[in-house]
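Okay, got some structures for you below.
You will see chain A twice below: alongside chain B first, and alongside chain C after that.
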Partner chain A sequence: MALPLAPGLTPSEVAFLCEMELVTVIPRQRLPSLELLAGPTARVEPPFPTPLPLWFALLLKRQRRANISPPPWLSVESLTAILDFETDDRTAGVFTPASPLPTSTTEPYMDRDPYLDSKSLESSPPFIIDSSTARAPGDALPYHWLELSHLLLTHAADDFVDADTVRRLVRDLREVRMSKLRKGFGVLDAGAGVKMNGVGAMEIAEVRGFVGGVVDGLRKLNKSREESRRERELEERESGMGRGGYPDDDDDDMQL
Partner chain B sequence: MDQDIQDILASVSAPTIPQRSIDLQALTRAWVQERTSPELLPYPSDLIERTMERLKKQIDNIENMTGTMDPQANFTLVIFQTELERFKFLIRSFLRARIAKIDKFAQHYLAQPDCLSPLEREYLHAHSSLLSAHYSTSFLSSFPIQLQKLDDTTGGISMVDKPDEDTAVFCRVLRDILEPVEVYGESETNDVELRRGDVWVLRWSAVREAVIRGDIELI
Partner chain C sequence: MAYFSPTSILTDAQKVPCTFELAVPHLKPLNSGSSIDQGTKLDLPLWMGEMLALDTHTDPLATMEMPTALGQRVMNALRADAKSVDLRAQAQWFYGLGERMLFLFEDDEMVDVLTNTFKKRAHEIADKAQNTRGVQQGGDSNDFVMGLDETERLLFRSSHESTQAVKKWFETSSRA
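And then the complex of A and B:
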């Protein structure tokens, strides 16, 4: 019964997540709006492009009921530009910045709100509107870029203008970014405070075991040193407070 | 200018997101976070209840639709069933990830049953009493009395396995965190500022509160 998997999503689970992304479908057949569990779908009427979840789009595609129009960032020009950015020496330390999250529309969390309350639930990938539809920005890779390109290139290759070039560029991009990620591990520290803006979901799935293992392992090795330092800092802070006019009344507090 | 228009559009279109779509987002996040966090997170009982209710209705709906010979209806059925299976996978994987943690740290959660659902609590008690009965009949009873405990904490070392709160987790900041978070480095302690959209590898103990508030999500 219990799940026998280690913490962290497996690549197939990441692909499952990615299938919730909306993509733009160019229908060949009419389909009424359906009352799905996740809300009603858009009405499909040829020849109007319609946003649909990827799993749905792939189903339509397989039955030749629709074509999928690839997002702008998955084009030869955009990928070439992004690849140039990734291979540039001046940006050797960072990934292509992801497009910023859309303006927040939710209320801040209030005390005693339940966990995952719908009022304060901030949306995030794969539910960001227009991250992989035809209206997506062309200059940034979304969080699920690798899985999405893989799925589209496998199941809808005929919808690309030049699928082979796109495939090659995606593979180059993946390799460049992976080597960057590996180089970045030089800064891995027992403190577990590594910033990784722009990283993709599948890339995290690939390195999670390694990064987690190194950070946790280093932390365990440095545990005694860290504890003594933490104590020292605490003492320094307390003695600083003491000089500031609060003679050590900690013990008194304890007794009250 | 463009940004302004987007803001206006966002504020106009936001309220129209149906509750069901928000629930899917919440359920997805619950699953991802449960799969990636070292510790059990609170059980979102309302969310699971609502989703299960809808699943039941949808199954009834699908059962009513089967039997028609119309090819168009058949295709609709395929779509409904595919989506149903996706939801079932989410819920199943979510619950199984929780059971895995409950099994692993049974003694710990026996002492702190706050984030368990009633069913999980029942399972935990039944399972651990079965286990301890089995242990005592097979070998514990032949030990000296003082060595028979399963949750001995004397001697400075606790027998109870606990989730490691300092495990490194990958997370995305969803709302700016106003107070800088302390990060213990190899040689010094740093304060880092967490801004909306940033992706970090941090210790679970440093972000736990923010994750439960929804200001940070695990990825």
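And then the complex of A and C:
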């Protein structure tokens, strides 16, 4: 049955999620810790930089109660270096690697259920804590780089050293990466996976409809071949090893 | 194939040439009132053709043939230059028809041709969807977009809409 919404997140949903990212705020006023659904916020004490969620930081910024210090990767030097990496011929096939994952904290828990232990969780891109605060690495773009840099450049432009250059570099970066993604469409195939490491959330939202449609169309065209191959394999398996007890994985209803 | 999907219903309604093997006097209405004898050729909807040709209980009433949309001429044209063929003129749901026919007639070569066509044209669609100005002004890209089959149109639209949605978010968020 047709759902009114296409699968995947819309740009505003992506931006909403991006507003949960922590950014570093340099406060001008003190503010006690607030009890929010996502947990208590840090206590704000004037001279000390504090990590706060982006939406809250933007609110304080609009009320002139705080300044936002942009993450290190949003500086002219870092962006130029990343742009060089993206435009280099030798790295034409890959995107700037995302920030390295924090080292695994998983330890062998023998006596407890590891799934229930918060320490055994490994964080991956959307949930990395320090990807956009002042402690973020300067040489990697986080998952929400495009939305975050746009929001910061629009609402906190005076906190940048050279906002116009940063804006230009971000725009260049977006265009270079988009054309790379487009070139990557050439390898789409019925059964092939596309490696899109380091692609940001907004970029995914932009190409999801197209990539999904192409893969789905190719899958449909290859269905007959796929089915005959499966039948052949089943026959070989049965003649070769007697009765194979493999479950028939029917993934026809799978949607991207 | 989903029961409630208009796509598959419309795909099913496309005509396929069928040849009757037996005289069937009671199916006269199909041939607009004239009698159906052995060897009568009729264009029947895909779903009916399948019913008549794939009846396993008795001898099939009719045999199905490859529709001209998927015939050798079209295949050769697609092999030569996939982007210049007007797929819409061949069949509205060209790829859907291809998918169903490949199910009935196994043809590895046709799978290859259709897959390559789809890939090549998808690339072009992505480019056209990004910049629709040429399409609106009726530039030379117009022919290509008018010749898209329905599957490709959906692809074009989803690609165009997601680009527009992102653009719109950038605009609205800079205003507030």
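Descriptive notes on the structure:
Simple rule for what comes next: the second predicted complex is superposed on the first by the 205 of 256 C-alpha atoms of A that agree within 3 Å, B and C clash if a C-alpha of one lies under 4 Å from a C-alpha of the other, contacts with A are read in each partner's own complex, and residues count from 1 in each chain.
Following the convention adopted for this analysis, contacts are C-beta pairs under 8 Å (C-beta built on N, C-alpha and C of every residue); 3 or more make two chains touch, one makes a residue touch a chain.
Owing to the predicted nature of the structure, the values given are computational and were not obtained by experimental measurement.
In the superposed model, A:Pro11 makes contact with chain C only, not with chain B.
After overlaying the two complexes on the shared chain, residue contacts for A:Leu59 are found with chain B alone; chain C is out of touch. In the overlay built on the shared chain, the residue A:Ser224 is in contact with chain C alone; chain B does not reach it. In the superposition on chain A, A:Pro47 makes contact with neither chain B nor chain C. Which of chain B and chain C touches more residues of chain A: that partner is B. Common to the chain B-facing and chain C-facing surfaces of chain A are residues 1-2, 189-190, 208, 212, 218, 222.
On the chain A side of its complex with chain B, the touching residues are 1-5, 7-9, 13, 16-17, 19-20, 34, 36-40, 55-56, 59, 63, 98, 100-105, 108-109, 114-118, 120-124, 126-127, 189-199, 201, 204, 208, 211-212, 215-216, 218-219, 222, 226, 229-230, 233. Residues 2, 4-5, 95-96, 98-99, 102-103, 106, 108, 111, 114-115, 118-119, 122-123, 125-127, 129, 151, 154-155, 158-159, 161-163, 165-166, 168-170, 173-174 of chain C touch chain A in their complex. Taken in their complex, chain A has these residues touching chain C: 1-2, 6, 10-12, 15, 150-151, 154, 182, 185-186, 188-190, 202, 205-210, 212-214, 217-218, 220-225, 228. Note for the complex: chain B touches chain A at residues 6-7, 10-11, 14, 17-26, 28-30, 32, 35-38, 41-44, 46-47, 51, 54-55, 58, 75-76, 78-80, 82-84, 86-87, 89, 93, 96-97, 99-100, 102-103, 164, 166-168, 170, 172, 174-175, 183-186, 189-190, 192, 196-203, 212-215, 217, 219.
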